[in-house]
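Here come two complexes built around subunit A, the first alongside subunit B, the second alongside subunit C.
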Partner chain A sequence: MTAIERAASPSRLTGAAALFSSLLAMARKEFTIMTRYPVEFVASFGQVFALVAIFTLAGLTFADASGEGGNFGGVVIYGFILFMFLSDTLWTIGYNIRREQKQGTLEALYLSPASKFASLVSRVSNNLIWTSLLSLAGVGLMTALVGKLPFANPALGLYLLGLSLSGTFGIGFAFAAITLRVKETGETLANVLQFVLLILCANFFPFAALPAGLRAISRVIPLAYGVDAFRSTLMGYPEGFPELASIGVEIVIVTVFGLLMPLIGYWAYRVAEDHERRSGGLSEY
Partner chain B sequence: MIAEASLGSKLSIVLATARMRMLNVSRYKGQLFVEILIPIVFAAMPILLGRATGGAAAEANFLRNTGTANYPAFMLIGSSTFIIVTFAFWLVGYWIRFEQETGTLEAIYLTPTSRVWNAAGIALYSAIRSMISGSVAYLIGSLIFGVNPLQGQLLLALAFILVGLVPLFGMTLLFGALVMKVKEANSLVNLMQWTVSLLMGVFFPVAVFPPLMRLLALAFPPTWMVNGVRSALLGVGYFFGEWYLDLAVLWGFLLIAPLLGFWVFSGMERNIRRREGVGEY
Partner chain C sequence: MDAEVRVERLSKTYYPKQRKGLFKSERREVQALREVSLEIRRGEIFGLLGPNGAGKTTLIKCLTTLLLPTSGDAWLHGYHIVEQENLVRAAVGCMLMGERGLYWKLTGRENLIFFGALYHLPPKDRRRRAEEILGLLHLQDLADRTVETYSSGQKMMLAFGKALVNDAPVLILDEPTNTLDVPSARELRAHVRELNASGKTVVYTTHIMAEAETLCERVAIIDHGQVIDLGTVDELKRSLQRDHVTHIEGIIPERASQAVAALPQVTKLATSVANGTTRLTVVSSDGRAALPRLIEALTAHGALIQNIAPEEITLEDVFVAKTGRSLTEDTRVR
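Up next is the complex of A and B:
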């Protein structure tokens, strides 16, 4: 059997092993690109330090004479962690697709028999590890600034984080679909969406601070339940938390969101991709 | 022999560069909208955090910690100044990178003029764009959070901003030199905008810093700019007690920072042209 025949054998082109192998190769390519920009590694740590310090010091300006600021440490840092993952996912998948378009490699990718799903997931796999490290650094810094943070129910917290992340992956896939359709406007849309979600999902403050009208909108966004459930669980359900629904209801919503959203997002991506392929717009940008 | 360009022709470069960039950005209306949205959303987070965690005592606690009970205005001033400072870094610091990416940098180097006039044009463009975005965001934010935007000494606040802009742009030339050398402009600008926000006390007074960090913050023109505006509008207190003393410090920065920035930028530019060439990125 020649090398070409071996490479084109069905077992290497389809099935779980092929999917895993292409995912690994694509993730490795993304990792190689990342390592070419060492300043970015240092800069992202610096950014997290500055952001956490800014919001911690801002929160402390409302502290009473004894320096007591209520639950704000837990509210800010646990919301911040989810915000970092959301921001990464929203930006990275769509941005990477745009990058492939600009570099002229997107069509070449589509000519290969590799899995498109693996191609999408590989865009965020490295970031996921990196953002996890940044989150740990953020928690460490926050602890240094305001003292020990509440850390209850870690297993349930991890479950909620995992499913919320899975849901944000789905949002990222759907957003990549939008980017394929709207092209350059995708960057502006990502910015707007990020800010809108930042307010409506109340990542840096409790939902109680939102006006009633905005809180009603928050109640129809599954990710908002992810933020509320995750931080309330890790804070050990202090009085008034969770704010949007009982924890049981929130766990169900987050679970459904985490399981369904990636499927919906990927479906939306395939529809947009199909449209672009038919209209010949895949390489246009 | 080539005659030295007149001041009029140098100024025309400044105006033409600013006009070209204004024309360019006017094509991106969505981006202009986001620029107004950013300071409002950015200020909304600490405001809502304060309202929720401070409860009924939020204003009293804030007054004791900062010198004013008007925390929405305090945060809005911080975030509006943030957009001015951020723009300066993005537009001036990123300028060389922008020209590199669009493939026009080497063409600019072939023109018989100093790059400093191009940089001045970018600074003018940045100042106009950020002042408009910052002011509109402050006005809309004031309406949303129920703050009177016309309180305090508005002209004095404007003086702090205008005087502070010159040393700020001088600093961005220093930063532009670093970007030219390291090349990873996006990462550096991202890092710089948050570090600058932290140092200038975007949502808190710099008095909360430990002594060494406070000293570092005070060596930084935007810190004097934002505190000057807050003192003029909200009466939080000048660093030296009187407005003219704080403004004099900013004038000192105004004399030193642009010269230092120009000197470092020119040196770095010469160095890079001799070694690898400015067109590489």
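Up next is the complex of A and C:
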């Protein structure tokens, strides 16, 4: 039996090894394509500094006027870090699927026995590494602007970041499902939702800054608890934080969100994929 | 001989939306495949012939698991296309969508290695396989250039190479010589013959009759989602032996074509127009004896005949006789 025949044997087509091999190959492919756009690389790095600077300088102006600038740096930078991770995960999968659909390579992937789950996850794996680097750069900039940042409970902070990310992966899968169905409209939808979520999850300001009506909506969005719990934990729970619920309740919400949402999102994606294979929409562009 | 592909009463119905106004749309029913049944034998080159929109690509997409059939069953290399879809994918090498199935920002080599990884080839084997394919298709000089810099023909050759990555027992090639120049098309057909000689089953779709005639052992003629006829090229030609085919070219008004079609000896008539010249393919029942009547009917209705050629039966003639239409007609439902 040749290596190629062995690779096509039923036992090699499923399981963790097949999943990992597909994930690695797809992540490597995404990385190679990313390196073919060097200007985009540099621009995205510069963009982080610009964004952090805008929010920080505007915020510091108002904080100084009210005399409440103590935790401002932490609120902005930790909210910003989470925003970048979430933004990557939430929309990149759908955008990327749509891009491949337009290119024609999505069908090429579906012709192979590669794992569909790996195909989805691989679309953000490189971005997550890149975002980690950008986050460190953002922390550096913020420290330079407002002085040393609070950094408490790193282990719990990491746990909350991981589960919030896991949950957003689920929303990302679901968004990819929507994109498969509605095509171009998905991108418009993402653009709108991105700003709505940015406000409702209060990434760049405390929830206290939201009007009561909007804060009530925030309370039904699990992602908002992720933002609140993550930054409150890293800031060492200063007075008034967390803002939406007690930290115990927030940890439970974030945990359930992080465990359930990927399953729901992936199920939604498979349902959409099934629909497209019935309707012939997989190749539409 | 064993069946490598078996299709039983396979149907596929689409319900595309049709815009009826700014906010209104309605769904129509389009039957792309109607109870198609056929068997493709292990080790043969099997041609699927039909005009654009006949259902060839839909059949291929069902066989390669890209589409779920509405009803019916099919097996490829012994695996059911719906219940064992991953095994089907591993057993088939497919060239579909031509150059659109490649990553243009990757090099030729990177593309082949990437697709090798998707078939779970170990890293060493996927690199070795990529080198083999690049060598076979004489693409070594282009291997480290990104695909976006390739010519259309070079992209098609690489897309063909991608179909060989997993060295599958079944090769499905959907109009692989589209956009290839004559020498490249000939080279690709030579590779197909070699691969077939090494034991691979090849399913080959085309709307170029001469290609099917020279390459395929058996051919299925598909039209409007149905298999109109199936057999070896010789069998299909023999089925028309009692008929006689005449090609007539010239400036032929519609009323002259109608007059020919109305002749009792004429059993089928297909018309196509290219560069201002009308070409009639006339299938008649009493051979050359009908020629004087054909000429008389045409000239009496204002036709200016430039060329008239009674011919040997070709696959194109078989197609015309079976469907009443020329292969160049587009039958897609719009």
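For the reader, a short list of remarks on this structure follows.
Methods note: the second predicted complex is superposed on the first by the 276 of 285 C-alpha atoms of A that agree within 3 Å, B and C clash if a C-alpha of one lies under 4 Å from a C-alpha of the other, contacts with A are read in each partner's own complex, and residues count from 1 in each chain.
FYI, a contact is a pair of C-beta atoms (placed from the backbone, for glycine too) under 8 Å apart; a residue touches a chain by one contact, two chains touch by 3 or more.
The structure presented is a predicted model; accordingly, all values stated were derived computationally and were not measured.
The superposed arrangement places subunit B and subunit C next to each other on subunit A without a clash.
Within the superposed three-chain model, A:191 lies in touch with subunit B and out of touch with subunit C [touch as defined at top]. In the superposed pair of complexes, A:282 makes contact with subunit C only, with no contact to subunit B. When the two structures are aligned on the shared chain, A:40 is found in touch with subunit B, with no touch to subunit C.
Once chain A of one complex is fitted onto chain A of the other, the partner contacts of A:103 are limited to subunit C, with no touch recorded for subunit B.
By the touch criterion defined above, A:210 lies against subunit B but remains apart from subunit C after alignment on the C-alpha atoms of chain A.
By the document's definition of touching, of the two partners only subunit B reaches A:72; subunit C does not. When the two structures are aligned on the shared chain, A:50 is found in touch with subunit B, with no touch to subunit C. The superposition of the two structures on chain A yields an angle of 90 degrees at the Cα centre of subunit A, opening toward subunit B and subunit C, reported in steps of 10. Taking all C-alpha atoms of subunit B against all those of subunit C in the superposed arrangement, the shortest distance found is 9 Å.
Contact residues of subunit A toward subunit B in the complex are 37, 39-40, 42-44, 46-47, 50-51, 53-55, 57-65, 69-72, 75-76, 185, 188-189, 191-192, 195, 198-199, 202, 204-206, 208-210.
Across the interface of their complex, subunit A is touched by residues 28, 30-31, 33-34, 37-38, 41, 44-46, 48-54, 57-58, 61-62, 64-66, 71, 75, 182, 184, 186-188, 190-191, 194-195, 197-198, 202-205, 208 of subunit B.
Interface of subunit C with subunit A (complex): residues 14-15, 58, 61, 64-68, 70, 86-87, 89-92, 94, 96-97, 100-106, 110, 114-115, 117-122, 125, 129, 146, 162, 166-168. In the complex of the two chains, the subunit A residues touching subunit C come out as 2-5, 7-8, 10, 12-14, 18, 21-22, 24-26, 28-29, 32-33, 36, 103-105, 107-114, 274, 277-280, 282-283.
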